[in-house]
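Have a look at these structures, which come just after this line.
Heads up, the next two complexes both have subunit A, just with different partners, subunit B and then subunit C.
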Partner chain A sequence: MSFTIARTVEDALAAIAAGARPIAGGTDLVVGARHGKAALPADLVAIDRIAGLDEITVGAGNGGVTLGANVSHHAIEHHPVLAGSYSALADGSALVGSPATRHVGTIGGNVMNASPAMDTGAGLVVLGAEVELRSVHGTRRVPIGELWSGPGRTIAQPDELCVAVHLPQPAPNSGSAYLRLEYRRAMEIAVVGAAANITLAADGTVAAVRVALSAVGPTIVSVTGLDTLVGSVDDVADAVAAAASEQATPISDVRASDRYRRHTVGVMARRAVVAAARRAAGETIAIPVNRTLGIGAAS
Partner chain B sequence: MTISTPAPNPARFIRADGPDKVTGSGRYTADLTLTGMLAAKFKYAGIAHGRITRLDTTAAKAIPGVFAVLTQADVPNVRFGGFVQDRTLFADGVVRFEAEIVAAVAAVDAATAQRAVDAIVVEYEPLPVVNDPEAALTADAPLVHTDWASYGASGALVRERNDASFSSIAKGDVDRGMAEAAVVVRSRYDADGCHAAPIEPRAIVAQWEGDKVTIWTTTQVPYDARAGVCETLELPANRVRIIVPHLGGGFGGKCGFHFEAHIAALAKAARRPVRLLFSRREEFLAPDKRRESICYDFETGVSSDGRIVARRVTMVLDNGAYTADAGFFSQLGAMHALGPYRIPNLLAEAHLAYTNHQPSGSVRAPTAPQTCWALESHTDEVARAIGMDPVAFRQLNAVDTGAEGPSGQTYGEIGVQECIERAARMAGYGQQLPGDEAIGVAIGWWPSFAVPSGAYVKIDGDGSAQIITGAQECGTGSVMTLPQLAADELGMSAADFQLVYQDTSVAPYDMGATGSQTLFNNGRAVIAAAAQIAEQLRALAADHLEADPADIVLANGQAFVAGTPDRAVPIATLAGIAAGGELLIGHGSGMPPGPPPISGSTCVGDAGVAAWVAPQFSCHAVRVKLDRDTGVARIMHVAAAHDSGTIINPLGAEGQVQGGVLMGIGQALTEGTSYDNEAHQRNAGLLDYKLQTCADAPPMDIHFVQINTPNAGPHGAKGLAEAPNVATAAAIANAIAQLVGAPVRQLPMTAERVWDALQEVAQNTIGGAA
Partner chain C sequence: MSESIILSVNGMQYPVTIDQGRNLLSVIRGEVGLTGTKEGCDDCECGACMVLLDGQPVNSCSYLAMQAQGREITTVEGVLIGDAMHPLQRNLLAAGGVQCGFCTPGMIMSATALLQRTPAPTEEEVRVGLSGNLCRCTGYTKIVEAVQRTAAELQGS
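Showing the complex of A and B:
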């Protein structure tokens, strides 16, 4: 049993190579252990004090944004560039838990925890994010959609640390949004969720659409078959809703039946398309879109 | 009959224990540590129904660091229960619900205790699981208690097999009434059980000194807890001391006698202090207090002019595996199913069915919120069936001053009609609303409980005062109101009084933080105790000022001669004089008012809750917005009007209503226990049992209808802790029913259930059109 505090990425990589598990905010790892989901790993390395790992770099790469793995949900929610140009991500971060959870919980922890109900995943998929994984042996970049291999599982090797999430520059005339179905307005977990990224043509019709879904399958579901989908926002929203309900493979549990999840994920996808299209058209809809439009009003 | 005067000093004051609690300086039971203290853990059944064929604690006892392992064989063979003696401390050969305690361990630390628990070997012969209260009452249902007939029980209870308490209220001729009605409406409703869910999980510390035991515990009812320890461990009351540090909420869940005796027995066997700390999961599964599920069949007949002429209702309440304090729930539930209405012909029948579920018990206004939800949903159906506005229908049929209620009680002055009018007005009832919004209205009622209670008051030589009371504070703030009452009586200020409370060896008896009774009864006791001191002070002042004691007035911290305020002496000076002679000590109890008469009704299984002292009334009007695509309902505004008599502290009273309403919203929309086929709770935790959060709290308008209540508590106060929890879910249901086009017949009205109801309406509409 050991607990070490890493000051640098190199410290952390060495500890992980020796078999320790990284712990960032601990809001999944520790809470999960208390709930009996999985025992706390015997060896832990705290990565939350690594200098620079909580930075948001605007203009990285080809004009995109890079988030250090330790960037908190609170920081994402309140960052003007993320809220303005990567709204689906900010919408998701702003919904996480409570103010306390959002200050402590990190983007790295959220994506590496790989819950199918996670609130940043669908947004990251439609925004085309990549994660940067690093080990003592080197660094690689993985498209976010390829990271998750099942509930709570990733393709990362045990000795790999997620050091950053890279977001490409958004297309001109595009906008994005993430919505989730929730039974209460704080401390909630997505019953189902959907993110959309919309690019509008000059005439206001949809030129391109990407949609991803949360809590309706073993991992975040990227809706397929939308590559050739164009048309009015309404028509696209209808087609997306139908595709989302069809491609979802939800389970029944105490929170909802599979029938209800299949139906409501279509509703969420439709609303995500409409909200994203409004943002693409230049309208400001405050983060998170769930609260601004009201779950009942965003039709 | 006494008509009381209004409170002399209605004051908005912040409760005295508030700063301690919000700054973290207050100490709770779990904060206690005693030298040599051990940790306790329970071995639970894990299955809902089974006969123990093997129970072996040898391996557990052999683990180093384990000091005691107890089973039923190690404690007195006592069967206990306030209504039915159907329970033992540990399983007595048969386990009847999943969290029945089979054994208890005390060990050096919690991890060792848990290892010992895991090392206890128990084997079972499975018995058929009784998972459905209605099915439990059929002739061929397996018995939860095969020996039910031999159990001791309160003589008032009518019991038969799995029916632990049958109760009926009948008046007039219900068959004839139905036959003569212009319209008869029948409805079925099902309410799931739910939980009190206080923020503080249970904690108990027990320590023996010689043959005396002190138990620090998270109870709402210290004297009841003491009685349970004395009964099960066969001890006299004066050898058991119960102390309650700050209590982190209760909502009824911490009423009754729970695990104090287990921990006292462990401490005795281990010869060390022992502490029990519950996890959140245990808090959900193990206590014999959760809100009972109930199913209802209603039938109401109305005349063509909209008057209720007959009502018939049958209801089945889930008792769970043991009766706990639910013995009176069948009669209380029947009263709520009849409601505060004028009904000439009626029959209500209620059954309390044993099942293999967690036992039910008093959670804030037991039986009331779910029964009000069912009755008031049904009432809207009736109003609609005869084309009447639901508010007008209630105004026509609800009881009023001088009217006779369903059990044949004729009411003195009551404020139900004013509550309806006020709530409707505050909600803007009748206004034009968007198509996805509607306002639902419901009325509720709740008794005051008149019971014995005691308190001492003393003033020391420096003029500072103490109230030493048996009353218990569970978060309502009612104990915090007592200084105001003593201050009014003695012409002092509330800040002059410190409270000493929650210790059974220090103060006289009180029933505890239960039944909204603290202010009603302990207020009476404190006033009586203060009055004794007031008399002493008047005599001292008369001596000092050379006046007649009858002319002495106590006000503003002084005693003065009526009419000549400058002939005065500070009360502190009088206290100094008394300190050298006869001390200023008052003790009080006062006679509780007796039950009002009822006539013309027949009550079978009469538990004494058909006649209500100082009944409280309320009307809630709630504006709801419905997302028809998902079934998610949002509460936009709540208007709550309450007749709880005189309000002593408006700030505290408003807090009670806000909390009750928010709890009601949870019961309406998200809080319900779900059982699997083997009678295991599926959502025993805060992740899947969804309480409302501050972010969900809607704006509220609150009004108190204050009238001269006969036979009420101090200054005309009734109670207020439970009443605000009664009508909210019902009002929400009536708004949702308007938006859906049909009632949602299950509680909680989860988004998915609302969506299912919407689908059904859509299908019927299509079907009807085809």
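Showing the complex of A and C:
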């Protein structure tokens, strides 16, 4: 058993190559170990003190934004550029757990934990994010939608560490939103969730739409068949709602039945489209949309 | 396997020898000997175990003690001003925000972090700031009042 504190990415990669598992905030790892989900790894390398890995770089790679893997949900929620131009991600981060969870929990940990109910995943999909995986052998970028292979599973190799999440520059006249159905306002996991990214044409109709869903399948679901969908915001919202409910493959569990999830994910997808379209039209809807629009649990 | 590390709690250095899997809560209570921090759900849900790590709130039940090395830990014992109660403690008592008291240390730590970041919070901001802390006695209203009263006091001073 060992516990080492990495100061550089290279230190961490060497430890991981030798069999250690990375720990950042530990919010999933420590709670999961206590529940018997997976024992705490014998050899741990703490990556939370690696210099620079908690930085948000605006203007990276053709005008996009790069998030170091250790960027916290708190930092995302309160970052003006992310809240303004990558709202679906900020909406999601602002709903994670409690203030304590948001300070300790990181975007890299959230992405690699691969929960289908994660609140940042659907937003990252509609924003076209890529994950940067690095090992002692090299670096590769993976489109976020191709990262997850099942609940708690990714295509990353055991020696690969997520070091960054890259977001491309948003299209002009676009806006995004993520919202979820919830039973309470904090320390909650999405019953279902939906993110939308909308680009408006000059006449105010929808020119392009991307939608992704959480907690209705083994991974985040990217809704397909929307490439040719254009029209008024209401018509697009109707079509998206139908497609979302149709493409969802939810399970029944203690939180909701499959039928309830299939229905409500359509409702959430419709509201996500409307909220994203309002943002695309220039309206400011404060982060998170759930609270501002009074969606989800009552206060 | 045990390791010897030093934890800095409320400005004091505590050498402890612990298993690497130990959570910070059990080390604060069992090794450091400060029992103001409570174990409620032991599952990151209730906030009774809240401490500050470099000023930010953390559920100590779900944080490895090994990861707290080199960081400043603040527990409820650390908010006293000399021998006097912190205004938050005084106002919680005055407003009736304490009944059984089990959630109170965690509430105080979350409120401390909130007021450092947001010195004049709205009621909504107080509720969000305390959203990781459960109280089964008070119904929260008097706790929110106490935090706002404290904010007004600290702003005025």
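Some points to look at:
Everything below uses one rule, namely that the second predicted complex is superposed on the first by the 295 of 299 C-alpha atoms of A that agree within 3 Å, B and C clash if a C-alpha of one lies under 4 Å from a C-alpha of the other, contacts with A are read in each partner's own complex, and residues count from 1 in each chain.
The definition used in the following text is that a contact is a pair of C-beta atoms (placed from the backbone, for glycine too) under 8 Å apart; a residue touches a chain by one contact, two chains touch by 3 or more.
Just so it is clear, the model here is predicted, and its values are computed rather than measured.
Shared-chain residue A:Pro288: touches no atom of subunit B or subunit C.
Of the two partner chains placed around the shared chain by superposition, subunit B and subunit C are both touched by A:Ala186. In the overlay built on the shared chain, the residue A:Gly175 is in contact with neither subunit B nor subunit C. When the two structures are aligned on the shared chain, A:Ala33 is found in touch with subunit C, with no touch to subunit B. With both structures placed on the common chain, the touch criterion links A:Ala46 to subunit C but leaves subunit B unconnected.
Of the two partner chains placed by superposition, only subunit C is touched by A:Phe3; subunit B is not. In the overlay built on the shared chain, the residue A:Gly105 is in contact with neither subunit B nor subunit C. Annotation: subunit A residues 35, 185-187, 299 touch subunit B in one complex and subunit C in the other. On the subunit A side of its complex with subunit B, the touching residues are 35, 181-189, 191, 254-257, 260, 263-264, 267, 294-297, 299.
The part of subunit A that touches subunit C in the complex is made up of residues 1-3, 5, 23, 25-27, 30-31, 33-35, 40, 44, 46, 48, 74, 97-101, 103-104, 185-187, 299.
By the touch rule above, subunit B contacts subunit A in their complex via residues 436, 625-627, 629-630, 632, 634, 669-670, 674, 682-683, 685, 687-688, 690, 692-696, 750-752, 755. Only residues 1, 3, 20-21, 23, 42-45, 47, 50, 56-59, 62-64, 66-67, 69, 110, 113-114, 124, 127-129, 131-133 of subunit C touch subunit A when the two sit together in their complex.
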